[in-house]
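Below are two complexes that have chain A in common, paired first with chain B and then with chain C.
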Partner chain A sequence: MTTIARRASRKYPASTPYLFIAPFFLLFIPFGAGSVLLALGIAFVDWPLGQSPEFVGFDKFATVLGDPLFGQAMGNTLYMLVGFLLALLPLCLFVAVLLKQLRRRTANVVQVVIFVPITMSLIAVALVFDLLYNERVGFVNGVLDLIGLGPVPFLTDADLAPWSIIALRIWRVLGYYAVILFAGLQSIPDEFYEAAQLDGAGAWQRFRHVTFPLLKPVTLFVLVASSIAAWELFAEVQVLTDGGPARSTLTAVMYIFGASFEQFDLGKGAAASVVLAFAIIVSTVVASRLLRSDDRA
Partner chain B sequence: MLRPVAGREVTRSGGQQGSIAERLGRGTVVGLIVVVAAFPLYWLLISSLKPSTRLGEVALIPSSVTVENFVAAFDTQIPRWMANTFGIALLTTLLGVTVAALAGFGFARYRFRGRSVLFAMVLASLAIPEYALVLPQFTIMRQFGLLNTWAAVILPLAANALVLFLLRQYFSQLPEELFDAARLDGSGEFRLFWTVALPLVRPGLGAAGLLLFLNAWNAYLLPLVMLTNSDQFTMPIGLAFLHSQLNFGIVQQSPWGAITAGTVISIVPLILCLLVMQRQFIGSLTAGAVKA
Partner chain C sequence: MNRGWTRRALMCGAVAAVVAAAACGSDDAGSTGDEGNVDDLEIWVFSSSAPPVIEDDFATAFPQYDVEIVEIPIADVTQRLVVALQGGDDLPDVVQLPLRESGGLFSTGQFLDLSEELGPMEDDFAEGILVGGNGEINSFTMGPGNMGLWVNQAALAEHGLAVPENPTWDDVVAIARDLDAASGGTQYLFVQPPGTNGANMFNAFFNSRGGTWWNEDGELSVDEDLATETLEFMVDLDQEGLVYHGVWTDATYWDAIRSEEIVGWTMNFGVGSTSLQENVPEQSGQWRLVTWPTWSEGDEQRTGVFGGSLYAGLDGADNPQGARDFIMWWLEPEGLQAQSDTLGLVSYQPAAEEIDLDIEDPYFGGQNVRQELASVPYPEFHFFHWPETEAAITAAVDQAYAGDLTPDEAVAQIVAELSGL
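And then the complex of A and B:
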């Protein structure tokens, strides 16, 4: 590699590589790296929209951390995240294993069908689910009405609404993650299963001792990606419940959005963003540890 | 190694095994999965074709079918929002692929001072959640007077670290001999990029373009913050806006017709893409999963 580089270094002007990367960095510096720094900076100022910022130290963090509403928003988000992951992971593993047992052509068709929801915007998905959940025009309630089970308040009951949101989320991403896991499954050599079968391993044991350990890196990706997405829950909730009823579906990003663009307190919004980003990093580390410690067991 | 493993066809191990009962059970479960995945979409389509007075009807096959909702959708700002969405997604894709291809080539084919630091910076940004950047991006756009312009959405979306990473992988798999040969012929470095490298990474460009397009087409938080004038809305923002009128009963005439028809219109392009190029589509979207 170094010899190539040394040889190469004589072949073009020293500025060439910089010219190639310059256009990307022209965008990345303000909107990527610069925005990260700016977000950190804004968290330390009082900056009502339209006025000039004033340094206030950790005041905004104190405001946010002392705000019971923020605690509730983080709690709701975590609650929906845990419910979402507990349902999603077994389901998408199950679908992936099932896909592998199908005939090639059937698997390819099923793969395409279950992949459709991930191509839709969260808003489109939310509107589709309103057509199912809605108490006046929703399909599910229409059917329940027919058999005399009355309308179920999917989105207007504080206990039920978070689960209605979780179901929507699962519908949107299940196929996507199942297809990713399915791709991982296909890279496990058949010989491993044949050997396990010769040793008398049943279906569950084959899953437990062959599939699961070998699929761990892909499972970790699914766990991390889906939990980050769950922390960022916002669009579908805003459309379907607007955080209600009784703030039972108020999410962290919704709190940040409200602080920044409804109360116009940019410092408070940025401080809450930093806290949430910290929570995401912690949960990502925890997720990777969970799967790694399993290795030693 | 990055390889598009998903969407690949099932190899030897596929195929039905087991007793008739097992196969029957499996078939039932698969059928159930397909129905659960497809039914909400079927219901959306049916709802968009029903007269608005019959929206609540639960019949699986509607008693009467009409295009009045699609006609009604054209009386709203939906055509304009579609044009905005299409324009923003297309320009984001063009700009994003261009800058990421140039930079991917630069990072893959040259060694230069600061290379690892700069690349590490780009990779690290993948860990930063999108919502955390929207607020600073908003203050930047406001500073430059770009709120309510396409640029406010396009510029942040075009700087996509995942796409850069993806294209760098494609470029670094090309053999150096190829470039040496072209250099002997007297080609300049940009010509190497344009005539030698680019044609060889065409699949990568396709995947990158699809990722950028889909991301821009479906973006919500960023355009919601940047575009506040309803003439500038994209489809997700516009549909959410119509739906909010529904909840607050602002309009007498129920906009459900426009909402269902608009939702259908907004999801059809990408679903068609998926159906036409199934394997490439699924491969591109799952490419990020195989980084490790």
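And then the complex of A and C:
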């Protein structure tokens, strides 16, 4: 123990650190862990509106898993998640690498600018995109019209609508994750690049053999955080397409909301949310395993 | 961590959660709470025009109630009610509900049965206005969503066109074709909104022909041929290029009305008359209401339902007598006047004998649009399983308009989905 640590331990009682973290747990236990446990409990009961719950075992899980709509909602969510990640990660890396090429002061300004979308209200952003995508007066269609490509039914075509949602999400979070990756890039010592350059490595080889491997922990965080958010897709879809057209953008969380607050079947909604949580955990484990296995290779 | 211990901990957690859930929803769910405080009357409303009327008129008529009004956005009211009902306390005495959500809620049996009060008055309402579940009458529809065809007659007249008196849909389609030809395909007499609103539009057309999805007992009861014919009618209009695609909640919709791109649309009073007057006041005198066209000459004139609202009392709340007094007050002369002032259409048929409903509207060239709309009732319609029904219709109608399904395949898909409920 260092001298400073010894002094500190004499000055404060051993319980002091616990007091500092207590406020977090005071909120987390009832509203975090408590609600998770309650949701888990509700998934095993049939609870008609205004009546007492009745234990039904795994019935609600069977209902949810046998419901083709839930399969469609999970499929749509997964489709949009994969599309989102495949587009987001390379773009984030590209922007982060570009940021690194800039002078420090310029990079600071650019970081602030690209970070702004994540600070905006999601509903406001969705409403703005609703106007941008508008077939008659939307800016995007206006531009496409000028070059003879419009109008494009961004939100009313079942094939295009999921990608229109993905584009909105990428616009909103690109700067946020790019800044995180940029911070990771800055932690890579310049000596590694100099050594690689001396060994004759070109720009792609330096990225492939220096940047990417050393950036893996940060990339893993970005991958996990963005995929969890993608599984929980709800508000922007609710505003832009309400799950349509033809249920092409119906997501798992919309299904859960509908089961709970439109069909008044809290058990079904809770069971669906447990299945969704399981899917999130599995996808997180798979993502971390994939990056780890690359490490060993 | 020891694997066995982990498993035990998880099991304990799950059991504890189930016990907690059971405890939360114990037998007294929805119980009355403080019985002594009978004069409090809590009312949840989503309509912004309701609170002043309730505070001024109802509270004056019933000074024995200490009225508390809680305003909740329409999108949240059902969610709040579900949480309150499951929590078992803090229930409002009365809640204002969208008609479309009432079927599912009333079938839960958690609402006051007003059969004793409203049953003897059954003949005073058109069919489908009294609503309830489990054989009870729980409320009556206020501001019923009778559909009409709103027409910019001045814009039509520029092309020498006019909708005749008592038209059939064939007459209207013929005018829409003439308008399309005369305007070079830039003006529309029909509107088809996307998504849920589009499904409800189709539903209103279907209902106007006597169609319904569920019967009064909540059993599936669809005339599939009628539904297919109705959808064919709408899809054909679209394929002919006679339909403007857009929704009135979109600002660009009102630009299209302003520029006379839209010169006609089928809608109820609330969105039709009220929104027209608010958004395009400069077109005052240009518009008129055509009551719902018939499907064939000589048919009885019936419209379709497109929403409405109602007040319902909660069985487990503190003040059931106050709730009954409040709901029935809307059928007193002051309440009827309040309905007319805030909602436009009054569903209680003897209302014209109690209050002045002879209201000429200068925006529509002096036409009494409220009375004319109310004079064409809609056939009985039951909003059971409505979220699922609406979602099934929305998906199938979307696919039919996109050409992915034929109308009969779309209807078969709806019926297949509803059969599984």
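Just so it is clear, the second predicted complex is superposed on the first by the 261 of 297 C-alpha atoms of A that agree within 3 Å, B and C clash if a C-alpha of one lies under 4 Å from a C-alpha of the other, contacts with A are read in each partner's own complex, and residues count from 1 in each chain.
The working rule: contacts are C-beta pairs under 8 Å (C-beta built on N, C-alpha and C of every residue); 3 or more make two chains touch, one makes a residue touch a chain.
These numbers come from a predicted model, not from an experiment.
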With both complexes superposed on chain A, which partner does A:117 reach: first (chain B), second (chain C), both or neither?
first
Based on the superposed arrangement, let me know which partner A:136 touches: chain B (first), chain C (second), both, or neither?
both
For A:162 in the superposed arrangement: first (chain B), second (chain C), both or neither?
neither
With both complexes superposed on chain A, which partner does A:245 reach: first (chain B), second (chain C), both or neither?
second
Give the label of whichever partner, chain B or chain C, reaches more residues of chain A.
B
Just checking: does A:83 make contact with chain B only, chain C only, both, or neither of them? Give me first, second, both or neither.
neither
Touch test for A:260: chain B only (first), chain C only (second), both, or neither?
both
Is A:20 touching anything from chain B or chain C once the two structures are fitted on A? First, second, both or neither.
first
On chain A, what residues does chain B touch that chain C touches as well?
38-39, 42, 130-131, 136-137, 242, 260-261, 266
In the complex of these two chains, what residues of chain A are touching chain B?
4-5, 8-9, 11-12, 14, 16-21, 23-28, 30-36, 38-39, 42, 95, 98, 100-104, 106-108, 110-124, 126-132, 136-139, 142-143, 146, 171, 174-176, 179-180, 182-184, 186-187, 190, 193, 217-218, 221-222, 225, 228, 231-232, 234-235, 238-239, 242, 253, 256-257, 260-261, 266, 269-270, 273-274, 276-277, 280-281, 284
Touching residues (chain side chain A, partner chain C) in the complex:
37-42, 44-45, 47-53, 55, 130-131, 134-137, 155-158, 241-247, 258, 260-264, 266
Under the definition above, what is the set of chain B residues touching chain A in their complex?
5-17, 26, 29-30, 33-34, 36-38, 40-41, 43-44, 47, 55-58, 95, 98-100, 102-103, 105-107, 110-112, 115, 118, 121-122, 125, 127-133, 135-140, 155-156, 158-159, 161, 164, 176, 183, 189, 193, 214, 217-221, 225, 235-237, 239-240, 243-244, 247, 256, 259-260, 263, 266-267, 270-271, 273-275, 278, 281-282, 285-286, 289-292
Complex contact set, residues of chain C against chain A
13-14, 16-22, 24-27, 29-30, 78-79, 82, 85-86, 88, 101, 104-105, 108-110, 194-196, 245-246, 250-252, 255-256, 315-316, 385, 387-388, 391, 394-396, 398-399, 402, 404
